[in-house]
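Two complexes come next, and they have one chain in common, subunit A, joined by subunit B in the first and subunit C in the second.
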Partner chain A sequence: MWVYEKKLQYPVRIKNPNPKMAKYIITQYGGPDGELAASLRYLSQRYHMPIPEAKGVLNDIGTEELAHFEIVGAMVYQLMKGACPEEIKMADMGTYYADHDNAVYPSTGTGVPFTAAYIQSKGDPIADLHEDLAAEQKARATYENLIKLADDPDVIDPLRFLREREIVHFQRFGEVLQKVREYMESKKYF
Partner chain B sequence: MDCRYPRHYPPRAPYMYCDYPMRKEVELAEAYIPYQQYTISFSPMEALHAGTMFPELVRPYEKKGCEGGKGR
Partner chain C sequence: MNHTHADNERRELLEQIRAIEFMTIDLNLYLNTHPNDRRALNEYNYYTRQLQALRKEYEMRYGPLTNFGYSLSQYPWAWINEPWPWEEDHYMEGC
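The block that comes next holds the complex of A and B.
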């Protein structure tokens, strides 16, 4: 189970609405390399990890990804809040607005709804951990693209934080990969 | 021998990356990432700002300008 803390892991205080930026950022909410996909991937894969350290890391990082999901949701919400239909139309967000108004919905910027097809849970710990390492790199690359697209410091600041977390998670998955491999090798020689 | 990670970012942990415990023998067709070893930690506020409490994991991203599409 989880214990909820009623605050964001990293503060989001965006003063100026910007539906165009919301359209770019929403992919990290419900897109292929987004935080929801990351969380569901790790929280699903943890069951079949062979050692408790691996279960623990997947559990902890999967939990943190939920906190990131919340940060990205807050960013999209604040960027859409107060934007009038005319601005949304100008930002090419009209199709999103037609379906969702100013609400936050897990999809890509082009309106493809979230799907579990973005993730895998293979049952092979080595294969899954390699997917997790790749997922962290893809998310890091996405955050770098978003930072390039952004010019508002209020937007860039949380993006920088989220990008750095991907790097830390990559290191942790790399350590787990080594531990899992050592465990599997030790079993081979018994 | 100085074999720290080339992208220097202060304050940097005084840790030699070649001292990280790697396997003695690496094998083909395997991916390896060295274990991190604890050295020093940021204060909680510094850690929140950096996105990590470990100075050696800080990899800041600097946005570059766009020059003929080479701003990557």
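The block that comes next holds the complex of A and C.
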């Protein structure tokens, strides 16, 4: 089971609302390379991992991604909270506002709702771990794009933290892939 | 918006918890693929002990950080006390 800890893994303190930035960032909440997709991917794939190291890594990174999902949600919440309908219209966020007001909804910036079609759980550990390595790189690239789009240090700071974590996750998945390969080799399993 | 002195102290302690917890998260992930690294394991236990002490201090002063039987509560039920994490240091007024 999971136990909630009443704090963010990394603080989010955005002083100035910015619906345009919210529109960019929300894809990491409910988009194809976002934190919700990451978490569901790893937590679903963990059941079919053959060695304890792999189960541990998928379980724990899947859990950390939930904490990142919360960080991104807090960013969208704070960027939208103080924004007036007029500003939202100017930011081209009117279509989102019509459906969701200032609320936080898992979708892309263009309003495509979250879907499990973003992820796979193949039952083949080698295939799944390759997907995970790619997912971490895509998330890193998305955060780099977002950092380029941002000009507020309150926004850039947590984005940098999230980007760094993707690099660490990529490293751990690479180690797991190596160990799973060795295990399968030792079992003469092709 | 001005924060009270007590509020600043709370935030500072939370910041310390965050920093130590980050070490435990990162070492935990590392140990998952290096379970025989004794030095990393010692570090993990070192930070975990620190984290446990800091959490205890925070919870005695400001209320529970975790729910579902992981922390005690004073009367009245303190779990629902604000701010929630996404409201931390949140300055803006609604439109």
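The rule is short, and it goes like this: the second predicted complex is superposed on the first by the 188 of 190 C-alpha atoms of A that agree within 3 Å, B and C clash if a C-alpha of one lies under 4 Å from a C-alpha of the other, contacts with A are read in each partner's own complex, and residues count from 1 in each chain.
One rule holds in what follows: a contact is a pair of C-beta atoms (placed from the backbone, for glycine too) under 8 Å apart; a residue touches a chain by one contact, two chains touch by 3 or more.
All figures in this text were calculated on a predicted structure; none of them were measured in a lab.
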item: Which superposed partner A:53 touches (first subunit B, second subunit C, both, neither); value: second
item: Which of subunit B and subunit C A:73 touches, first, second, both or neither; value: second
item: Touching partner for A:61 - first (subunit B), second (subunit C), both, neither; value: second
item: Contacts of A:175 with subunit B and subunit C, given as first, second, both or neither; value: both
item: Partner chain(s) touched by A:167 [first = subunit B, second = subunit C, both, neither]; value: first
item: Touched partner set for A:82, first subunit B, second subunit C, both or neither; value: second
item: Which of subunit B and subunit C A:8 touches, first, second, both or neither; value: second
item: Subunit B versus subunit C as contact partner of A:144, first or second or both or neither; value: first
item: Residue contacts on subunit A - larger count, subunit B or subunit C; value: C
item: First, second, both or neither for A:183, with subunit B first and subunit C second; value: neither
item: Footprint overlap on subunit A, comparing subunit B with subunit C; value: 10, 168, 175
item: Of subunit A, residues touching subunit B in the complex; value: 10, 130, 133, 143-144, 147-148, 156, 160-165, 167-168, 170-171, 173-175, 177-178, 181
item: Interface residues, subunit C side, partner subunit A - complex; value: 14-15, 17-18, 21-22, 25-26, 28-30, 32-35, 64-68, 70, 79, 84-86, 88-95
item: Partner subunit A, residues of subunit B touching it in the complex; value: 23, 30-36, 48, 50-52, 54, 57-61, 63, 71
item: Subunit A to subunit C touching residues, read off their complex; value: 1, 3-13, 15-17, 53, 56-57, 60-61, 64, 70, 73-74, 77-78, 81-85, 87, 168-169, 172, 175-176, 179
